[in-house]
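Okay, structure first, notes after.
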Amino acid sequence: MKIKAALATTAAFISASALSAADLEVTHWWTSGGEAVAVSEFAKAVNEKTAHNWVDGAIAGSGGTARPIIISRILGGDPMAATQLNHGRQAEELIEAGLMTDLTDLAEAEGWKDFVYPSSLLEGCTYEGRIYCVPVNIHSTQWLWLSHDAFEQAGIEVPKDWFEFVAAAPKLEEAGLVPMAQGQQGWQQAIAFGALSISVVGIDTWSKVVVEKDADVAGGPEYAKVFQASANARELARNSNVQDWNLATNMVITGKAGGQIMGDWAQGEFAVAGQVAGEDYTCLPGLGLNQVIDTGGDAFYFPVVDDPDVKAAQLEMASILISKEAQVAFNLAKGSLPVRGDIDLSTANDCMQKGLAILAAGGVLPNADQTLSADTQTQIKDLMAEFWASDMTAEDAQARYASIIASAD
Amino acid sequence: MVDATSPTAGRILEGPRGSKPKSRLSRRNIFLYGTLLLVSIYYLLPLYVMIVTSLKGMPEIRLGNIFAPPVEITFEPWVKAWAEACTGINCDGLSRGFGNSVKILIPSLILSISIASVNGYALANWRFKGSEVFFTILIIGAFIPYQTMLYPIVIILREIGLMGSLWGLVLVHTVFGMPILTLLFRNYFTSLPEELFKAARVDGAGFWGVYFRVMLPMSIPIFVVAMILQVTGIWNDFLFGVIYTKPETYPMTVQLNNIVNSVQGIKEYNVNMAATLLTGLVPLVIYFVSGKLFVRGIAAGAVKG
Amino acid sequence: MTLADTARVSDNPVRRPKQLFRNLSAKFASIPMILTALVVFVGGTAWTVAHSFTKSRLLPKWDFVGLDQYERLWNSNRWIISVENLLIYGVCSLVLTMVLGFTLAALLDRKIRFEGAFRTIFLYPFALSFIVTGLAWQWILNPDFGIQGVVRNMGWESFTFDPLNDPDIVIFGILIAGLWQGTGFVMVIMLAGLRGIDEDIWKAARVDGIGITKTYVRVIIPMMRPVFVTALVIIASGIIKLYDLVVAQTNGGPGIASEVPAKYVINYMFEAQNLAQGFAASTMMLLSVIIVLVPWAYLEFGGKKRG
């Protein structure tokens, strides 16, 4: 049995240090309905399978609220046992400063390389050849969520891609609905923009801008289409006056809005509301235009601590987070894709199956967290927040976007 | 320059000035009370709306207007806010935070006020070379946005080994409470009659002797002001609480933020309002109970420039 | 403690106890203050300013890049909007708090009934945090349920009062909440100042036949200069720190229309993980404080021996 062997090696590896119960404080910012259910799956796994105790340190708000708290705690020499962070470039400097636990030995003992799929996830955790985090899920942000109820009210078919959706908008408006739900926060607007850009211009042009940071392409005629599409989207979302993403999703769930561009985590909200993919709502990865999704996601980092009990417990916890059972339970609740290529997800719903199929076909993009620094992303968010809330022309927005890309690193 | 301090405290409760109103319904009175009542609406409206909202069920909130009194009074939002609201997987509402806030408040209060009062006393009666320079730096410090100091303070706390402990937070509250409190105490002690100080000196009392035997007993009004200011300041603090504590020791404000921002499904305005009121209860009660003392104390010392 | 104790006059300057040649205990007792002033305020500020000339990202580092961060700062649309917002908010808040605070105090000082009740009503918001203030006013100004919704339900369909979703006036929506929270305290200070003015001055004014308003403007206000100074310090130090209220009420929105400098600092330090950019922004804030404050603080506290 492969699992048993893996468990044995893990046990051998871990028992090197003394095993006694430790309180493991875990910080994360998963506080919406679906997220809370998902994280409790992790907590359950840790509490049941180890002698340790998961102390939940949820910080509400977004990553932007939680990260300063997490980082200053680590810098201040009072680290938590484990913390959520998006992998990619966020933790680079913390690793460089020697503040994060090296998980390479555990990863090799358990053979993470063999089952983590796509492999870019583990690369996101790797710094100078060593592994520093456990990827726990794959999140992609190129999804259009459509409410069947809303289109029924408008008396039209559920659209199959973004352009059909735009064409259907007037009918939705006639029926007194908001065509597009959009939370009025910069990061959500940046997600909508990102999804529109990959879907409208395709991978090659997109990579030139986002990966290679070619400002000429960003300011060029091809990319102008993206900004035109964004300006359209802005019009469709004129009457959407909610702030939080899940309130916007709620508009779609209750049939008050036709659709929303949001990451796959929106699925968790549909699930909590008891809706069924394909019956009550439709999801279109790549906005129905390009069958690609990015592979961002969350990862757990384990700051370096002094307490040997906690040290040993950290490794046990890392091992559990990536185990098959925990992966299935967590991701089914959260609506994200598991990080292992070797699990059977036939129980997953329609949308997750679509995502898995795209993954299997290799339609995988690097995530913005891996290609752009937090600094550049913040500038894009600021620009998007301003663009969506004002009457800024597509041309102006594009010119400013190009200059951000020009100075990106 | 007129010393605004002096006769103030005595008069403040004796009653106001001005000619006696001639008749109850004079035009002047209508204007006076009319204005005051109008302004009162502006001040009372938010409290009223918060209370009313917190007593309604969600369906009623979505249908009705926020100013209407509740049709069916329910205390469920209060129960939920206190004991059941969820953040992540913890569903114990604000209850945990209350004890933590008290634990943070009391040592911070004692330390910050005792240090600031001694500072103020030294600045008023025992000035030494450079003391005013330090004081000026302190006052300018009152204008620095706290956020600027977050990083250096993380480093300082790390170096002295207090990061993450309750005492680290107490220290931070002491440091940031110092400018305004020192100003208060300095002004107050300056306004006390010099003869008292001289007499005590002649009797042979030293720095601490004068402070404990003469100054301290005379400065209760200003201690009350300092206490009220600090209770509200520390109790309402969010920024330091969230950065310099851990989940087990989160103060109430941090949990309030967690509850209000943990949107699960729909935004439960009634629970949010109940949570908000619960968090504000301690400083509110203190103001309602000791408002008179506060005004008296301010009059006694704070107004001197 | 009796009232009489606190009411004694001390206009004559206290002579420094020169006989105490060293003043050791005083210096010893002032160590916490000196440490705070030097280590935290001066040291921390110097550290921040120094690092604003670097390209520190997530962690502070010493890669000197000169004025790059400042150049970028002043090219940032968001920063410019933040500064404009703070100026508008600052001027309005300063003027209105002073006027409102003084007017309310003067009204309460006119021998009225229920003075204590009114005073409590005006003062209680000061006990609430900006987070609470922001949430409460966000709720009242909510276009669907709040004032606008209610007026529309009463039949005035075209009534529009939605400051929090209108980029042009959103800063005034925040101002409404800020004034609500802060004017009470200023009123109390003003009231204390008014009560400190000698009854004889009023008598003299009456004898001379000077009207009430005129007496306030010509005589009382000039006499209350120190009170105004104290109020000014308190209001101004609050204005520059404006952050929590914005976060709770609008989070900078709609778009970036209600951004303020302190929020820019925080966002760039932590969310964008560009410490140096945040430091540059906070250095600019500090610089403006110093330009305004140092000459004044010198005159007020340093120049004279006694306040």
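Brief remarks follow.
All chains are identified by letter, namely A, B and C, in their written order; residue positions are counted from 1 within each chain.
Note that a contact is a pair of C-beta atoms (placed from the backbone, for glycine too) under 8 Å apart; a residue touches a chain by one contact, two chains touch by 3 or more.
What you see is a predicted model; the values in this text were computed from it and never measured.
Compared with chain B, the chain whose C-alpha mean position is the greatest distance off is A.
Interface comparison, B-C against A-C: more C-beta pairs in contact at B-C. Averaged C-alpha coordinates put the centre of chain A at 40 Å from the centre of chain C. Centroid to centroid, with C-alpha atoms defining each point, chain B and chain C lie 15 Å apart. Counting partner chains per residue, chain B has residues 150-151, 155, 257, 260 touching two or more of them.
For chain C, the set of residues touching two or more other chains reads 266, 269.
Shared contact sites, meaning residues of chain A that touch two or more other chains, fall at 68, 75.
Within the complex formed with chain C, the residues of chain A that make contact are 63-64, 67-68, 71, 75, 90, 92-94, 96-97, 184-185, 241, 243, 373-375, 377-379, 382, 385-390, 400. Per the touch definition, chain B reaches chain C in the complex via residues 1-13, 15-21, 32-33, 35-36, 39-40, 42-47, 49-50, 53, 61, 65-67, 115, 118-119, 121-128, 131-153, 155-156, 174-175, 178, 180, 182-183, 187, 190-194, 197, 201, 206-208, 217-218, 220-221, 232, 235-239, 253, 256-257, 260, 269, 272-273, 276, 279-280, 283-284, 286-288, 291-292, 294-296, 298-305. For chain A in complex with chain B, the residues that touch the partner chain are 25, 27-28, 30-33, 36, 39-40, 43, 55-61, 65, 68-69, 72-73, 75-78, 80, 244, 246-247, 250, 269, 272-273. Contact residues of chain B toward chain A in the complex are 86-90, 150-151, 154-155, 157-158, 161, 163-165, 242-244, 246-248, 257-267.
Per the touch definition, chain C reaches chain A in the complex via residues 57-59, 76-78, 143, 165, 167, 251-257, 266-274, 277.
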